[in-house]
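Have a look at the structure below, then the notes.
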């Protein structure tokens, strides 16, 4: 047999391009539905978003954490909700209106109802001179203030005069909302998927994350005989992951095998990789392997350029093996944190591509473990029909891949090591290992063997 | 003294070119005697070959292992012997005759006596269109079939007509034959030399291996006060090493310090190195060091291109530190596994060169161990006549090599480490260490010291 | 705050160029005072030199070790003193006179009073044909002989005739003199500064060493609340450090955190670094870090080119973490060990530069240790006024350095690791760590934490 020519269909399928259209359209449809919802780190926008996702993931559980609840060095902030926010001129015309675009209002803006001059108003305006048609995204979670964001062109066109500023928001004790889903497997060790649901009306950062995570969770939920347990969480960035860790730290530290912060997975630009804090974890290794073999090119970033929940998951004292496989990384593309990060930047093909790469990574992880031949020396493949019986110059090359995998099934190389040392894609090593296991030539174990034992 | 300028004569002599002629002629003579013997993995050809070698190595012991004896995943196959094999045409002319060249008959061909058409015969013929004058080497050890091998030119010239195919072979319970020799040393740790004696009438692969190994064994047998024990084995490739390991695994795993599969050591092309499975063993290190310092250039191969008994010696569960220092590696040169791998390809100079390199490696291994100064700080070499007493700008450089060796004799650098860190050939470090030991400035030990102990 | 923009004034000040003039002049002045003293490895020149330094370092203690005292493989030699040494011609004219230049007399020359021919005299003369105006520096500590050193031009001009050679030296039991000073700190762990005081009338090698060491010792003595203990030793090269180690080995092995042989720190050429024997110690790391960040370029030498007391401090069985930060390394510059290594080669700017680099290294060492965040996840810097409260695209970059340091304060990265992994100069990391410690966000400890503990 030519071992490398056979691949089992499941669960390590290479992303099938003809599926990409379907899954991509589905994901893009979900993103379109979620786009208008007015999210922040707390409030009803989060709840509506999670309710929509729960319709697609029935096991998802929503949790409410009251304002003031301590979480390490932090406390859950007041809940923020808004009913109306606008600036009107003396004629009563609304020159800036939150109803037109969620980004017009600074996140966590305090309530205000006051008349002021053009100059007084301007001190509370935010715009981007270098992108005069885009609305920037601005928040002030932990200091009370207010502000409006608008296209620079619009700001410059505001005439002198008096303006009436109205923000009908509440900043009051309430709760922070997050959701999680734990899919049990044969083993207690966990794989973590974490994504955030606190950004209003932006698509690559962030809606791509929740929709791809939801589709991955559906795929995992349908997976027969899962090896690992999967923990899938949807939460507000930073404060959400801090709160979540404050409640699950011990379990997650003890059990997490690998994790992914799913963010910025929707555009069609090149892929990128945010490593874990120290690098070299199983998550780093599987992400690097899949990207090396599955995408034409990608940018490996330094952890110094981190910016999402790996800041908490990888922090000292937490130290989970968590990475991010992304397309255009946050803070590196011009549309980031502006109204231009929309559903034209994020496309069905972009979403489907990232979904496929992440699914491939999860599929390989399902086969993670240490493989060990059951007997010293090479097995006699011939008597099992696994080896050509006629020895010629060419026949040696025919079983090369299988023999190479056998040579390193020593209980100390895991799947990714086997692939690396044999110069193969791990997805092509899996069917070889399955053949060897079916012939009782090789056993799987969760932990490496002692050398020589 | 200029330490690097003095080398002791024995046992780390650089290969002396004027000896090369003698040893090369001897080795080539042995190869000429052995060439016509009709070897396979079992049978009388192996016995005759080993009997010839025993005449040169009196301690060599032959062993017979009965057909059916289990060896890990394998069992000893039936023994194969042949008395006659030919194809004759209707006129009674023998158009292919095993008597003309051993390679004409497929190894382990089953008996046959039948008339057939030119087309029926052709399905059992093997030839090399790209080398029309060479006979290929083909075997079928583990599936019963028959075949003849011949020059492609000859095959194409066979006219239509009826042919009488006769193979008078026996494939019956018998035994597998191998031989070994254990030369005891002061220490129980072993150095392994393994070579194979199952290929008929080919010279680089394989007769170069048994003749060079025999000469190395003679040299080791004559070595006064051997430090290590030497295990030297002659066996059929693959099944032979599997059988041997099945009988000696525990001892060999516990004791083997380094080992060499001796094969393809006869032509005059560049050297090559097959590393051990994981690399970095003492065998890898000594082979690399000797090749780096003793030959103009060599090819370091990947273990993925292995093909001889390192497949068994380095397999998971066996894991011996075994490498091959070769000239043209099997499966890389055009004449490999054909009648063109003959005694014009293998030459006295080619054999003598490889013999010298392997003997140098064994010579360095005899001095392997950890060297440790007996006192803190530099010793006072002057009072022992080891240091110039007049301090000038130049005198510093004179003892540089000795002082460098002293600086790293910390009980944690072995001989090869000392050579590497001091930028010297290990053969030039040995006399320095002997001088230091003679002056009680330094001690040898088999195992490294604990740091700082 | 822009963390990297703030640096505390003390004790990690970058060398201030406007101080360089003052300290440089002071050091050069000391060197001028010490230059004429006739030093060797024993004798009154050493005592006078140490007495001069004690006037500047009141705590310095002089020790006398009697001739014959054993020290590992060595013994303290006879003490050497000279009252007069010259060669006069038949007319009574002194053609070579030790009174003119200390280097004229071979170090440890035995007494002589004899008439001889020009040819007999010449066998005892040393000169440098390639530098005909320089006097070479020659010694013969451990074999009795005598000799004179002179410019080659002068040697060639000596006419035939009879010469009267007079050396009024004593080579008799006496003692070897060295001095040390231990400045206690909060912790028993020690930093070693070692320099030598046995070379007569040469400036880069050696007077630059004792004067820079004296100034560093003054700075350390004045340092408020020293963390570490400092051991500062002035001794004759080789025999002095061997004797010193023979008396303090156990303490120094147990306590030495890092050490520096201070030598060749006076000219204005490029910097150089002599690593420790195995490299990678705290001394190697701090020296490399300071040189990487503080000087335009430097030469990292191999330990194989060592030549000063690191030969003893780093020897097997001693193994202290000792390096040398130098300017022009001994044995690499043309003036080395000649009369041209004088106080025009060594300059105030050269001395001040090396003093500054070494002081920076000591300043960083004072902050060596392992820093660990007191709570999992990122701290809430905002509530402590350490974080901008308005989240914009730019604000992320503003606290980047502090956040990066926080991300690696895991109790397993020491100060130099933190600097390296964050891409910062360690002197810029110190104020960030001080801020975090002041806010109780981070703790210091001497030893690394267990992973994950």
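By letter and in written order, the chains are A, B and C; residue numbering begins at 1 in each of them.
By definition in this document, a residue touches a chain if its C-beta (ideal position, glycine included) is under 8 Å from a C-beta of that chain, and two chains touch if they have at least 3 such contacts.
Small disclaimer: the values here were computed from a predicted structure and weren't measured.
Chain-to-chain contact here is organised exhaustively, every possible pair of chains being in touch. Counting every residue number used by either copy at the subunit B-subunit C contact, under half are found in both chains.
Chain copies subunit A and subunit B are related through a rotation whose angle, from the C-alpha fit, is 120° to the nearest 5. Subunit B and subunit C, compared by their mean Cα positions, are separated by 54 Å.
Chain contacts: subunit C has no residue touching two or more partner chains.
Across the complex, subunit A meets subunit B through its residues 372-373, 375-380, 382-383, 389-393, 396, 400, 403-404, 406-411, 422-423, 441, 452. On the side of subunit B, the complex with subunit A involves touching residues 71-74, 107, 126, 136, 138-143, 145, 238, 241-242, 245-246, 249, 253, 277, 303-304, 306-307, 311-312, 314-319, 331, 336-337.
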